[in-house]
Amino acid sequence: MARIGVFVCQCGNNIEGTVDTKKVAEEAQKLPGVVYSRNYKFMCSSPGQEMLKEAIKKHRLDGVLVSACSPHMHEKTFRKASDAAGLNPFRCEMANIREQCSWVHHDRTKKTGTVKGNDLTRMAIERLKRNRPLKKINIPVTRRALVIGGGIAGIQAALDIAEGGREVILVEREPSIGGNMARLSETFPTMDCSQCILTPKMVEVELNEKIKLYAYSEVEKVDGYIGNFTVRIRRKAKYVDEDLCTGCGECIEKCPFKAGSEFELGLTSRKVIYTPFPQSVPNIPVIDAPNCPKFQKDKCGACAVVCGPKAIDFKQKDTVVEEKVGAVVVATGYQMMPNERFGEYGYGRFKDVISGMQFERLASSSGPTGGEIRRPSDGKVPETVVFIQCVGSRDEAKGVSYCSKVCCMYTAKHTMLFRHKVKSGQAYVFYMDIRAGGKRYEEFVRKAIEKDGAMYLRGRVSRVYEKDGKVVVCGADTLSNSQVEIEADMVVLATAVVSRKGSDGLARTIGIGSDRHGFYNEYHPKLKPVETVNAGIYLAGACMGPMDIPESVNMGSAAAGKVLGLFSSEEMAREPIVANVNERVCNACWDCVVACPYSAIERFTVKNGQGDVMGMHAKVNEGVCQGCGVCVAACRSKAIDLAGYTDEQVFAAINAF
Amino acid sequence: MSEHAQYEQTGAFEPKIMAFVCNWCTYAGADLAGTSRLEYRPNVRIIKLPCTGRIDPLFIIKAFENGADGVLVSGCHPGDCHYTTGNYHARRRWIAFKSLMEFTGIDMRRLHFSWVSASEAIKWVDLINGITEEVKILGPFVEYKGLKGEENG
Amino acid sequence: MMKIPYYPGCTLNTVAKGLDTSARESAAALGFEMEELKGWNCCGAAFPLTPDNLIGLTAPAKVLLNAKKEGGGSVMTLCSVCYNVLKRTNRVLRDDKEKRSIVTGFIEEDYDGSIDVIHYLEVLRDRVGFEKIKEAVKRPLKGIRAGAYYGCMLLRPFKEMGIDDHEAPTIMEGLLRALGCEAVDFPDKAECCGAHLAMTRTDIVERLSGNVMRSAAGRGAELIVTSCPLCQYNLEKSQKKTLEETPGYREVPVVYFTQLLGLALGQDEDTLGLGKNLWDIRPLLKSKGV
Amino acid sequence: MNIKLVKEDIESALIRQLERISGEDVKKCYQCGNCSAGCPVAYAMDVPPAQMIRFLQLGRGGEAFGAGSMWLCVGCLQCYSRCPKNVSAASLFEALRQMRLRSGGGHEEVREIPLPFLKGAPQQALVCGFRKLVG
């Protein structure tokens, strides 16, 4: 027989006002298994808790029911007190007779409240009798993190985690880290040079002993769960031995072949053996095999000839490495919408219609024109430049319904850069709305208009065509209600920020969600902005949605903070409210596997000593299970139960109704 | 006359309602009704579960068997589930289960499914008052109680 | 010989006879026959712009119904407007069951939108092929700088018409090059000519068509081809005004693309109906030695 | 211009009827102005397409009906094909015309059309023109 103690709280007059707690205690005393029952003024007070502890010891209680406020309020308090008195905390239960009884039934005669209070207490006692003692689950944590993506968000996360003393593996797809930020000229609203603030951070990554950088590599597979992930990384062949290469650049110098530069967005070309840009980290070139005659026709090989340390290795193959990590930060960034979708703006047909990102390169002192604004067609300095905002963004017809968030600001920046470099120039900006919400952002846009004389036109451009060496822009100015035509020398399209091509594939690989635009889903849009549904996997930067540099850095640091929190001890304790499978009953229909929102259930194969397959059953990974119980209800053979919410407990409560 | 008077046992039939609610939304919503000192019919008894997705249809049948005259299932709004998709499972199960219950002769006015978020105390109050009123008109549900009696007897 | 059911439409039977005859002759030379529908009526000359105007769908539905009854899996048009009206009507009848039942109830016979509406240009491109046309050319139009004017109805709305990119179409240029011409690209090739405003607002038509012609002439076009009788009419007629207003502007003949095709395939200039044009193409041909 | 805004106008039956006939939802338009920018006849309109839609959003049917713009739209669909919100100003113009024509008002008298035009023009111009402009 159980030995249950019941404590009915008066909560001053909060409960006592409409519930006769003495009577509730007396009624409880009559129930089988209840050996002790009383009411008290404030159970949560120190004397109340002490009383509870003493009663546990004195009456050798094996279960405690506190009939008081909502368990959301004080369940932790009483479980802690029980634990201190040597009672398993999960043998302590609460009945909610305040929020869901005394406060909502105002019958001062106490009749209504007492009836309900009795019922709730009785149901909880019956449930409590079936509570099994549970132990917190301890999961070992590999205190090492993986950061996917070496843009500013990933760099920030990696540096912060390393700063916290933990090892980081940073995986970057391109030959160099730096991401899109490395392409930018100046940054709004402070106008400091992007590379000047980014390059030192890139170097820091390279020098930090805690960070292992895998450039020119991709994550192929992520297995496991929080604290215990196994990651497979493909290191693409560079055809250059990293250990031998000194980064002298002789090979690049002597390479006779060229291909379009990805980094410069086609504005110029690069060698076939190349680093994306001079400040690349790591400063190790890669060979672009599809464009290299050595690979295609077995000709040339100049790079190998000039390489002093003999680092060129044409026979190099992709390698796959496996790493164990405890947490993953996804910081894969964004890309710009392909402008070819805008036939009416002539991108791709007219050389002098360029994208905003290309303009960044034109304005960058390390860019193809050395920072002079020269148009691509003939290298002339443009006098009139038209900037078109919302090219793709907020355009449902083209599939992007959202605002790209950064274009208003960088377009304002572009007009300023243009005006600073071409003093006699005139910038026109077509906009629909100006979204400059941010510290010093609105002032920045006003400065572009008032100080640097950019002419802002509220309206959209209908079409662009070439005429006599000019690009004619036909648009509307809805404020003056007229059609406007501008004969421009160059047109800059503020194209939409979109998710990276293949982002949904990576989402599936690592088990996180993405929205219909391919941006990754945070766990909660307000309260858990860097977490994902897959515990131990965090997000940083524009892979989650369009964001600017400060926001990306914020998120990178926030994700790092989360990772370091997780890594604060070697083991991670968690509530034992998890599902468990009765292996003998499980008939391996896998309905639970399909139902589980967390992929926490695996198809487990039972083998004997000889390795023969004896059978299969579902197996819950306690590290991943969040305790929702969906699998329990889905299981046809009743093979799964949820600790803390077992069928037995629920039915006991129903039966006591 | 104070409001409570109408809830007093006047010898008239007072239905018993059992509510299966999720821990994160509806339970918290019901708590909020308390902290806001809203008043509602005392006929409901709540059983808390982590998620509506945990609810086994058998719970509902058992509730009827144990004397419930009406049953309510309530959880987070679609898209707001603490466990991402648990309430969708509940909804799917509910759609299948509903027709089965209808087939077995349970008046669907006795069985309700609703979304109540942690902030919707007023919705909770209206819901409970509404269901209580509706079930009161329907009268006691006796068919399943008989079953239990036979089994026990 | 491949037979393709053909819907001429009203204008091709009268004012735009040249478009009809040149197309038929060219088809014969290229190995297919245009089989005119036995029973046909006017398409209505405008696809209703509002979705609740179903009465406007009855006339084209009747045309499509007849085409189906006559046994063809498709029906071909030459006029851009007919193409637009028939193709879009066909799509409504195919995709919208409710509208279909109302419209077919009105014409008292059911039609399910199951035939394909195609344009002569599509036949040339997709069934004959520009390469084959190039081989069939007997009189290459070497040295002629021709611009293709598409107008509106052939291309828009893109989702429903889909014959070519609606912002930068190239199908007619492909044909022009096959005939030996130099295809001149000009920005206004898909801008409106003014259409039926010719009836009430000649000033607007003169301005819009004038813009098109100046845009083409500015790029060096000596000749314009089109597939729409109304465009042809407007572009041709408005030039009187353009000549008055624009110093240095010289008249540019506007012909149907089929007329140029017929010419290159070696047909007689008179049967092509070239003499009926306001601005004669023949001096140009002569000057180029064609 | 001074407009007094009232809910009754914004939700007026007239505007709803225009929406029903045109199949368009005027609320969808966010006034980017692309239709006005690309419309070939906007230069001649007293109320260009975007502004016309704005009047409808404000519930000002009078301004929309009072303008001559509807008689100038030829339905070239440049507005619709470039609209980022898939709104067809041409359909709204057509709905305005339809409502006007259905109520017995026409824009053109047949006898005013010059005879040489009637003789020489392609039929399609007449058919199309009559359908759009004549009651």
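When the chains are written out, they are named A, B, C and D in that same order, and each has its own residue count from 1.
Throughout what follows, a contact is a pair of C-beta atoms (placed from the backbone, for glycine too) under 8 Å apart; a residue touches a chain by one contact, two chains touch by 3 or more.
Keep in mind the model is a prediction, meaning the values are calculated, not measured.
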Chain centroid nearest the full-protein CA centroid: A
Chain separated most widely from chain D, comparing mean CA positions: B
Inter-centroid spacing, chain D versus chain A (mean Cα positions, whole Å): 48
Between chain C and chain D, centroid-to-centroid distance (C-alpha), Å: 27
Gap in Å, rounded to a whole number, between the CA centres of chain D and chain B: 55
Shared-contact residues (touching 2 or more other chains) in chain C: 166
Where chain D touches two or more other chains, by residue: 78
Per-residue overlap in chain A, given as positions that touch at least 2 other chains: 344, 463
All chain pairs that touch each other: A-B, A-C, A-D, C-D
For the chain A and chain B complex, residues of the former touching the latter: 70-72, 96, 98-101, 103-109, 111-113, 115-116, 119-120, 123, 513, 533, 577, 595, 597-598, 626-630, 632-634, 642, 645, 647, 650-651, 653-655, 657
Residues on chain A engaged by chain C in the complex (per definition of touch): 343-344, 346, 349, 463, 465-467, 472
Residues of chain B defined as touching chain A within the complex: 2-4, 7-9, 16, 18, 27-28, 30-35, 37-40, 42, 45-51, 53-57, 59, 62-63, 66-68, 82-86, 89-90, 93, 125
Residues of chain D defined as touching chain A within the complex: 30-34, 36-39, 42-43, 48, 50-51, 78, 82-86
Chain A residues touching chain D - in the complex, by the definition given at the top: 344, 390, 394-398, 432, 458-463, 474-478, 481, 483-484
